[in-house]
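Some notes on the structure that comes next.
Chain nomenclature is as follows: A, B, C, D, E and F, assigned in order of appearance, with residue numbering initiated at 1 for each chain independently.
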Amino acid sequence: MNQLWTFWQNTGMYQLSVEQFIMILIGLLLLYLAIIKQFEPLLLIPIGFGGILSNIPGVDIAVGNGVLAQFSAMGLDTGIFPLLVFMGIGAMTDFGPLLANPKTMLLGAAAQFGIFSTLLGAIAMNEIGMFDFTLPQAAAIGIIGGADGPTAIYVSSVLAPELLGAIAVAAYSYMALVPLIQPPIMKALTSQSERKIRMRVMREVPQTEKVLFPLVLLLLVALIVPGAAPLLGMFCFGNLMKECRVVARLSDTAQNALINIATIFLGLSVGSKLVADEFLVGETLGILALGIVAFGIGTMTGVLMAKLMNLFSKNKINPLIGAAGVSAVPMAARVANKVGIESDPDNFLIMHAMGPNVAGVIGSTIAAGVLIQFAAG
Amino acid sequence: MNQLWTFWQNTGMYQLSVEQFIMILIGLLLLYLAIIKQFEPLLLIPIGFGGILSNIPGVDIAVGNGVLAQFSAMGLDTGIFPLLVFMGIGAMTDFGPLLANPKTMLLGAAAQFGIFSTLLGAIAMNEIGMFDFTLPQAAAIGIIGGADGPTAIYVSSVLAPELLGAIAVAAYSYMALVPLIQPPIMKALTSQSERKIRMRVMREVPQTEKVLFPLVLLLLVALIVPGAAPLLGMFCFGNLMKECRVVARLSDTAQNALINIATIFLGLSVGSKLVADEFLVGETLGILALGIVAFGIGTMTGVLMAKLMNLFSKNKINPLIGAAGVSAVPMAARVANKVGIESDPDNFLIMHAMGPNVAGVIGSTIAAGVLIQFAAG
Amino acid sequence: MNQLWTFWQNTGMYQLSVEQFIMILIGLLLLYLAIIKQFEPLLLIPIGFGGILSNIPGVDIAVGNGVLAQFSAMGLDTGIFPLLVFMGIGAMTDFGPLLANPKTMLLGAAAQFGIFSTLLGAIAMNEIGMFDFTLPQAAAIGIIGGADGPTAIYVSSVLAPELLGAIAVAAYSYMALVPLIQPPIMKALTSQSERKIRMRVMREVPQTEKVLFPLVLLLLVALIVPGAAPLLGMFCFGNLMKECRVVARLSDTAQNALINIATIFLGLSVGSKLVADEFLVGETLGILALGIVAFGIGTMTGVLMAKLMNLFSKNKINPLIGAAGVSAVPMAARVANKVGIESDPDNFLIMHAMGPNVAGVIGSTIAAGVLIQFAAG
Amino acid sequence: MENILNQGFGLALFGMITVFSFLTLLIIATRLMSFLVSRLDKEQDLPLANTEPLQENHPPITVIMAAIAHYLSRRQS
Amino acid sequence: MENILNQGFGLALFGMITVFSFLTLLIIATRLMSFLVSRLDKEQDLPLANTEPLQENHPPITVIMAAIAHYLSRRQS
Amino acid sequence: MENILNQGFGLALFGMITVFSFLTLLIIATRLMSFLVSRLDKEQDLPLANTEPLQENHPPITVIMAAIAHYLSRRQS
């Protein structure tokens, strides 16, 4: 009888708190979003599942010597997992469209307004007395506007690990919601005739340029924003392995086995941060609210920058591709294409949008470098 | 001359002890079993080879900063390697046959008698004065009856790391011997007509059920036996990645590169536990003897449970598939099929046996959870 | 304005030292050699890129908690990465040609003169007052003559980690230069008629011998030079996985995903050792000079040994294949073939040269074992 | 000695009960799940494993926000 | 409170300036690179991504040695 | 200085002797192994690399048990 009582005390039912129950529901919701709605399933499935595991009472999984706690200590607190994922993304990225039309980099720059205005938004929430974010926390929240998962996770792990769960969930959820968030903003800011602008056929970029570009980019980062060098360095390394064509086996592994392994571990590690006392707080609501503002502003400034550039240039840019500057590769580029087709069914913008799209990745890592260098506590 | 003497003193020949020599022979025997007899070669080749490496005198391989000692510290003492292997197995497991006929889960439950009777057997050996096993050690020995390699290794690494080598060797050897151990027991307990029972054609299981099942299973574990959550959690995570179909690249990696890497490291780490002073002890004999009893009892109770269920049910179960409840996936299911064919060449039991077979995996992890929760020192 | 000044102080341009600038140029040169000249790109691309990253000022990449410092601590200081690479090479190696003609092992032995004469050369440089190498340092420099990357890196990581960067760069660069270094030496030491010697068609080696060979080799190492057991053990393990044919999935992973991942990490880790104050020293010049001597002497003694063996044997060996005894698999074997074809366009030596080529790998690991056992500080 | 024997019997008995109870509950839960799925499937095709992502006007992420807000408000009161 | 507001504005302003400056410089550097590549390509075909390794009589590894030697000699003088 | 020179010569001499001795022994061992394999092969086909696992009535795992038992009994006596 005594043993039965001990058993009962050891069950999850006895030990489960309301907070853990809610967090398990949130984990299930993330799985639902990932599987049924196909919201960035590669990350949200491990994150959601890890979140459920982390809230099972009576067993150490996300704390102590638990397996997720160990994954987290190994690769999330150290930054290794997001950097390996970023290396793999680099090995999958084609800078060709950007090299064919380098001025679209400015679109990728403009869209980073989303990051910094969100930083200010977080501070404004302090001012009106809602929260009490520190500067590093505000900066980490801002990076959601970069619309780039590994960058957001890396920056939060450095600046505000206590917010990492909420920031990662926000970043990936909104990236998946790009097809809902962006089109109304894009249409509101552009006229029908602007959306019909046809862009010039791109030149073919020689392989030599593609090989040299990651090196040029790395050296420029080294000279100007060294804080962005770990992120951009791993990204450029992956890209160089792909483009140089002499290490195909390494490039293949970086794009497949290695990024997949890192993604599984990264997702579970992020999931281990979805514990009730860090996630079930008002700040999470603030972060989710700020995140959607970040995406909206980034979209807006990207489009407006395109319109501004058109004032000074003969070769008109279709302002819709400015929205792709927020990153969310390749979703945002596809959205630009889709909205374009609505105005002119024969106007395929996808390749033109890939330029600002990858420029947005570069732009967010530069912003990340600045934030890490100057906002660290 | 002096240097020659130093050299001689540094050779393996000079330093080799009788114990190390015997252990190297045992390592070679494991390789023989793995390569020529094809006893679970995926694990026994790394274990056997690691065992040889670990007994080379005059160099630190399995101790200190040796490479196998590092692997072991990294993933065996921490439980990471068996959990990753289990995740991969989850990603290879099809719960379809179990979902088509859920009541066969009871067969997977009954076969776990093997675990607990072996636990009692180990304690009985204490009683007759042969050994002096502690309760955690007896529990770790019992888990051999689970007929599931990663579970056995995980439980021993938690409860009795000093017995891990012997337990892993016993578990994998007997799993390979299932085609020898089981048939006589199965035939002794069943009549010819029972062995000819034909089972109903299974319903086709919709994908939605397959996606939901790992979540249902995880939640039930969380509520009832949280101690089994790390093992079953990783297993269900692997299975969910496979069944949800939206993260095929992660599922592929979990089933290939990642499980293979983890298997290599796990096997070598287990091999590093095959050092003479831990393995060449009477306890190892006891463990090997108890292990075969465990398999035998599990087979027996599985078959008997099927016969018991037939007393109360209209849809008769062929009792041979009860033997598959010990796990040893998929060997035990094949054995059930083979023995069935001997009685009726047209009666293919393999799919029906897969249900209790995977239920046996679930059953052993539940038993493992109970043992970890209540037998830990 | 103050912030602008802070920003300027944080840029790479402000902080970059001349030494770092030179090291970045060296990193770019290594990338040039790897990509355009195809000098061992699998290692030199990660090494070169890692070297650039490590010399970016103002950010911790190769030091402190930087990502490359972490890779290095994880797998280079511990020896794990070179051992995993060596395991993969073992899984790619075919000992068939060596087993068909075992006496060619003596060629692989003779070529190791390169290692020990380089060791003496390093000490001679001390004598003439150029440098002040310790015995472990001289031994680590000598191992360049082994013409085997992972072995060189493993030995330096044990004996002289401060020279690892220079030794790795020298080893891989000269391995790539084998087609330039060897032919003049080979031609100078052989007559036209010797270069035309046709060797007997090889016997077909049964699979059983191929399975047993790695075990025979391992046991002999265990008995005689246990210091070589970690290196040769992992190599033999890889080879056994390949030849035994019952663990094809492990062998595939060892040859692909795992060796590729280990190569990426190993290269970046070696790159992290290319920091100015360790690399930009006179000793590096000495190491590079000694390295080429090592390759030259190894080539010479390999060829001379073949000529010596021909004095005592009826079955003449083409002395060109002696040069393949330096390892540099499979480049040196190809060079032997190419030089042979110049004298007799129908005389294909490639398969005959593979024997001494892989024997050279064994020879260098034995030499490495001796050096580690007897030269360690 | 007495002690470990008793403990062992307790653990064995109790372990088997747990295993059986768990798998029995799992049978029930599985049957329930299968039943619900079959009913659901009749009413509507589940959009599982479509390659085209679905988007709606009410992004479900708002559910997270609502849940947290509700939880926080309840906790305060 | 004042303080973090000021810091935030400073960081935001300064961050956007950096992002824009960086990408502007990157445009210039990229254009320059493309220009140089196009001129180089006209003069000679770059041997990029040939499968056959190229070897010359002046192995470029000597460049490393020359560079280090030059650096060391300059440092001493 | 003397010292390291002597040590170096000793190590070099001794290292080459070891390398040669080892590979000479390896030649002998390899030849012996090949000879034994060829004799064995004539008498019976080795079941190597069959896909079908073989099972016998005397499971070789008993050899492990016998070996340990023998070792333990010898140690006690």
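The criterion applied here is as follows: a residue touches a chain if its C-beta (ideal position, glycine included) is under 8 Å from a C-beta of that chain, and two chains touch if they have at least 3 such contacts.
Since this is a predicted model, take the numbers as computed values, not measurements.
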Set of chains adjacent to chain A and to chain B = C, D
Chains touching both chain A and chain D, listed by label = B
Least step count from chain E to chain F, where 1 means the two chains touch | 2
Would you say C-E or B-D is joined by more C-beta pairs in contact?
-> B-D
Any idea if chain B and chain C meet via the same residues, over half in common, or different ones?
-> different
Superimpose the Cα trace of chain D on the Cα trace of chain E, which carries the same sequence, then give the rotation angle to the nearest 5°.
-> 120
Maximum distance between Cα centroids and chain A occurs for chain F
Distance between the CA centroids of chain A and chain C (whole Å) is 41
Separation of mean Cα positions, chain F and chain C [Å, integer] = 27
Shared interface positions of chain E, touching two or more other chains = 14, 18, 46, 48
For chain A, residue numbers touching 2 or more other chains are 7, 35, 38, 211, 221, 224-225, 244, 246, 256-257, 374
Touching pairs of chains, which are they?
-> A-B, A-C, A-D, A-E, B-C, B-D, B-F, C-E, C-F
Please give the residue numbers of chain A that touch chain C in the complex, ascending.
-> 78-80, 83, 211, 215, 218-219, 221-227, 229-230, 233-234, 237, 240-241, 244, 246-247, 249-250, 252-254, 256-258, 373-374
Spell out the part of chain F that touches chain C in their complex, as residue ranges.
-> 1, 4-5, 7-9, 11-16, 18-27, 29-31, 33-34, 37-38, 40-41, 46, 48-49
Any idea which chain B residues touch chain F in the complex?
-> 3-4, 7, 18-19, 22, 25-26, 29, 32-33, 35-39, 169, 173-174, 176-177, 179-180, 279-282, 284-285, 288-289
Which residues of chain C touch chain F in the complex?
-> 99, 102-103, 105-106, 108-110, 112-113, 115-117, 119-120, 123, 126-127, 134-135, 138-139, 205-209, 211-213, 216-217, 220-221, 224-225, 244-246, 359, 362-363, 366-367, 370-371, 374-375
Can you list the chain A residues touching chain B in their complex?
-> 6-7, 10-13, 15-16, 24, 28, 31, 34-35, 38, 41-42, 45-46, 49, 52-53, 56-59, 61, 65-67, 70-71, 256-257, 260-261, 263-264, 268
